[in-house]
Amino acid sequence: MDYFLELFFSGLTRGSIYALIALGYTMVYGIIGLINFAHGEIYMIGAFTALICASVLTVWGLPPLAVLVLSALAAMIWSAAYGFTVERIAYRPLRHAPRLSPLISAIGMSIFLQNYVLLAQSADFVPFPALIPDFAWLAPYRSIIGSSDLVILLTTTVVMILLTLLIKGTKIGKAMRATSQDKQMALLLGIDVNFVISATFVLGSALAAIGGVLIASHIGQINFAIGFLAGIKAFTAAVLGGIGSVPGAVLGSLLLGWTESFATGYISSDYEDVFAFALLVLILIFRPAGILGRRHNQKV
Amino acid sequence: MARKFQFLSGVVLFAALFAGKVNFATAAEPIRLGVAGAHSGDLASYGLPSLNAARLVVKEINAKGGVLGRQIEILAEDDVCKPEIATNTATKLISEKADIVMGHICSGATKAALGIYKDAKLIVVSPSATNPELTQSGKYPNFFRTIAADDAQARQEVDFAVKVLHLKRLAVIHDKGDYGKGLAEFAKEFIEKSGAAEVVLYEGVTPGAVDYSAIVQKIKRADADGVIFGGYHPEASKVVSQMRKKGMQTVFISDDGVKDDTFIKVAGPNAEGVYASGPKDTSKNPLTKAAILAHQTEYGSEPGAFFLNAYAATLAIVNAIDKAGSTDFEAVTKALRQQAVDTPLGSIRFDERGDAIGVGFSMYVVRGGAYQEVL
Amino acid sequence: MLAELKKAMLVAVWFMFLTLPILVVKVNPIEQKVVWRWANLALVGLAAFVLTLAGRYYGRHKTELAKYWPEFHPLLAHPALKRFFLAIIALLAALFPLFFSSYQINIMTTALMYAVLGLGLNIVVGLAGLLDLGYVAFYAVGAYSYALLNYHFGLGFWAALPIGGLLAAMFGIALGFPVLRLRGDYLAIVTLGFGEIIRLILENWNDFSFGPSGIAGIPRPGFFGMTLSVDNAICYLYYLVLLLGLLTIFVVNRLRDSRIGRAWIALREDEIACQAMGIDKTRTKLTAFALGASWAGMVGVLFAAKTTFINPASFTFLESAIILAIVVLGGMGSTVGVVIGALVFILLPEYLRAFADYRMLLFGMIMVGVMVFRPQGIIGTSRRRSYPLPDMDLGKEAGHD
Amino acid sequence: MTEQAPLLQVSHLSMVFGGLKALHDLELEVGEGEIVALIGPNGAGKTTFFNCLTGVYTPTAGDIWLTRSGQTPARLNGLLPNRITEKGLARTFQNIRLFPEMTVLENVMIGCHCRHRAGILGAILRGPATRAEEKMIVARSYAILQQLRIEQHANDLAKSLPYGVQRTLEIARALATEPVILLLDEPAAGLNPKETSELDALILQIRERYRVSIVLIEHDMKLVMSLSDRIYVMDYGERIAQGTPGEIRNNQAVITAYLGEDDA
């Protein structure tokens, strides 16, 4: 039973991280129907920004908690800025281009950003300061759930709630939903579509940054390439849950996380990714639009 | 169709005549040292240090007036550790009339390129290609290396685990990579042969995964008293950190890819007590000190992976050319085999198969934030 | 004008802000050292400033400047000119090895291989409109089928070539079946997953594929029994790939202009109308997958023969992405476009070697740049085939039956 | 009605989406060479009915039988759209669904697809047989364009056509599949009076030349009344009336169903 619990929580941790990244994918896709392959890179940049700020602030001698909060904040701000810029440079000019052009542009962006960080910082893995303290009171249960796992879970939950409120409640949230329903209509209703799209990128990138910071302090080291695998997995999760749907992204991510950790635990870690992708294929065969995806069978 | 093919074959042979006439070097020119390896992409951190090493050595030699009165010129070529690119790199180096090559970094790339070098009678000295076949197959008389083969290392680790630490239940974990998995394969084999211990778990972890707790749990459940990890330090430190975080004190034994100060710095306190195999401790060696100092002054940072091996390889090459009195294949090969040379790895020469003699191997343990030789 | 400068200024400032942490601060968390590289900031600012001005200038004079971009269609349309060009190209291609080093030949061979891959993928993506992000899987199937057949049964290159193609085609169908119902990007991610699965299996199933350490010592194609020196083998391979390329172009064009090709395009344009016209959606999709994959399979065999060593690391998602990029960058559905795309994409990184560490950076930049300034690809895609129209009376009597 | 079964016989046809009854227990017959109109207010389920006939939807209940003279009756429901087209039902779409990036001629050639067999090898080798077939396809398609008087557009891209021509092209494309029954979904929608009257003539011509029966959904009562031999009136997925134009004109149920709408 303990073993099961342990795997359950490790899956939950993975899932929460995937979720934070997957949301970016799913929101962007929902709005402009683009697979934003550079999103994983944004997450990576978030982690690096946090690392840099943390180091600088530590050198300046700030207390750990302040370091944590400030560098997380910085990570969000800069990631958002990068997300915004990427959209302006690489996607907006292609709004009316053939369907695949933005995709290629996105892949190019991802290659560019990876090498940008590689050159500007380092090719090697760099240690990430353990910003999350070890809670003494958690020590007895640490074999089941570590303090960083706990923090990840809590943060993710809070973020999800806030995001849902934002999308359901606020003006911009409504605008987003309207735009994802029908861009033309949204325009007619006087919604500034460009603004909404930018907002989506900013929001999604900020979320990815949170994921970056959390995972970096959980795993303890980062390099310029961490974005790729995480990105692919998160995207898989987003599709799994039905791309374009926010709860879908979360559900898909958790499902993926559990699949991986249970596959590792009970079968073999050699094939954890095989299981992950096999799950995707299976689910899409039976639900071609993902678990919570709206099956938009076009009018005949 | 038949005619067409005759024509083509004619062209081919004609082209062959042309291509045949490519390789020759005159005394006036500098000696061209090809340095091939991953200089960009996600494996750059294993390739660039070697390039730096070569640059440092060459700088020093040229300052002293070069070898045989000729300056040495470095032709750095990137193969991003990909076999298909490595073949291009190799042909490029040949076209650019390289006299000898220091590289490649990854075993796969090396395998792909060696055939081409062999045909062009070019000597290759790798600082880091550890795949046993490279030397043991005997297919490549032109190949030498300043690093021990995987099987030797695996043997070292297993013997240490079984005979010294008397571990009974070993978990063998690898990073699914060429190097790591190859090593793990051997370790598994040797453990089973030894009969003194059993392999309770044999699995690979996905490099760059966001979390390793599942596999850690599995190690715990397998109730292993020791882990032998095949792979590089990033995954090693992640796995060991998560083990310690979960309060597991299981012995952790790893390889040359982990016997790197970055590992200690990244894993921090969790690195304490980790064993790793690696070349004999030469940090007292003045040459080593000099090399590291040179790197610090030149690049303002600590040297990275395989730096010393590459430094030694370059020194060996220069020495061999010097002793041979030319860059002629046979002569240099002979020199490499017979003439010992002092390097940061100690005084080394190469055996018939191309493995370095004198590169002693020993086990290290992390004590007080540094590797200490234990054997 | 002043407004322009002001705008450029703003952009410059923005980019300076953007690059502030990563480009300016270099931290060494181990020694807790921080290096500030303010020079970079100034550089970025300047670059951004200049580029913005240039970009806005381009934006304003787009139409005039567009004229300078060579329009390829008229050239290609004019039969005489076209034949002339083709003759020149054919000559150059045939004589290429005589004037270049084996390195040049080697990379040109690689480029041609990617051209074939591109043309194959173009069947699936360009014609049938099925977005396939796992194309590299079929490439891997081809490579491994040669390597393994040779290892176990000593099968030769020429025997392996068709087998590789065939096996790949089968895998194409195997992939095709489950994804028949999927649309657009769902298809994309599933194919991506498929590609990854193949790679992971090759990586982990040692008994079958020798795992990550790969398979070495794969023989180069023999030349009437005799084994060639590397230089000659490289030339020989070049001509082989050249031939395969020509064959591909021939076959793919014929397919495109055939009943089947039309069905593919119709499928891409509108699935429902396509079915309503009595076209079997399933079969059409599967033929597209199979025929697309078979080329990848054959190139895979050539790849194995060329590098003489293969391991799973050569078949990552990035490969699929590059092949797709070749198709799109060249201009979807256009044969010439794909070939040019391949040449650009494969030769570029090789010639960017001069920039050493910066080459992949530039590579990414160029990818984005081309797409932004030329979304329809280097060669546009507008494909319009006019048929020789029958004269009236023939038409009439044909109409009567 | 003749003693031999009608060409198309639909009985007890029902279609349910979730809880919603789109069609309920529908009866319909089409005889050889008949022109049958299907009318009813928007949302009456006319297009849904077409989608059931052509296999886009599989009906929840009921039967669709096609009995071509000299052939054994074929049950259509449950077949794939393309099989149904092969059997001899062809349709046009209310919201035009041409292949925009293909030329007008190619659009029609696609229609010929299911009547020919050239395979992969044929396509690659392009032997005499295949070449003959291609020539044949071009000829037939062009002939159809001529008969519908849009041959001058043959090599234009479909997306570049004026609206009226697009509608005609849809019919041409359907005819190319060599149907016995042609299903027209609001062919006159968006046409001006002149075009409509031309369409009227055209449809009669098509019946003569291709010996097809025609089922059309149409709102333009003038067209319906002048064209159809029989009319079915639908409302809320049910058949509320059927008969000759004359009978329908003064059928109370119809008038109430159309109350508020102007019945021409």
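Descriptive notes on the structure:
The letters A, B, C and D name the chains in turn, as written, and every chain counts its residues from 1.
The criterion applied here is as follows: a residue touches a chain if its C-beta (ideal position, glycine included) is under 8 Å from a C-beta of that chain, and two chains touch if they have at least 3 such contacts.
Quick caveat, the model's predicted, so the values are computed rather than measured.
Chains making contact with chain B as well as with chain C: A. Each step here moves to a touching chain, and the least such steps from chain B to chain D number 2. The greatest number of inter-chain C-beta pairs in contact is found between A-C.
Among the remaining chains, B is positioned farthest from chain D, on the basis of C-alpha centroids.
Per-chain CA centroids place chain A at a distance of 29 Å from chain C. Inter-chain centre distance (chain A to chain B, centres taken as mean C-alpha positions): 36 Å. As a whole-number value, the distance joining the C-alpha centres of chain A and chain D reads 49 Å. Chain C and chain D have Cα centroids lying 42 Å from one another. Residues of chain D in contact with two or more other chains: 56, 93, 97.
Counting partner chains per residue, chain C shows two or more touched chains at residues 28, 30, 204, 272, 357, 360. For chain A, residues that reach two or more other chains under the stated contact definition are 114-115, 118, 126-127, 270, 273, 300. The touching residues of chain D, counted against chain C in their complex, run 54-56, 80-82, 85-86, 90-91, 93, 97-103, 105-106, 109-111, 113-116, 118-120, 122-124, 126, 130, 133-140, 142-144, 146-147, 151, 154-155, 157, 173, 176-177, 209. By the touch criterion stated above, chain C contacts chain D in their complex at residues 251, 254-255, 258-263, 265-266, 269-270, 272-281, 287, 291, 383-390, 392, 394-396, 398-399. Residue ranges of chain C in contact with chain A, taken from their complex: 14-15, 17-23, 25-30, 32, 34, 40, 125, 131, 178-179, 181-186, 188-190, 192-194, 196-197, 200-201, 204, 272, 317, 321, 324-325, 328-329, 332, 357-358, 360-361, 363-368, 371-372, 375-376, 381.
Taken in their complex, chain A has these residues touching chain B: 3, 6-7, 9-11, 13-14, 17-18, 114-115, 118, 122-127, 142-143, 146, 149, 215, 218-221, 223-226, 228-230, 233, 260-261, 264-265, 268-270, 272-273. Within the complex formed with chain B, the residues of chain C that make contact are 28, 30, 94-95, 97-98, 101-107, 110, 203-204, 206, 211-214, 216-217, 223, 228-232, 234-236, 239, 243, 303, 306-311, 313-314, 350, 353, 356-357, 359-360.
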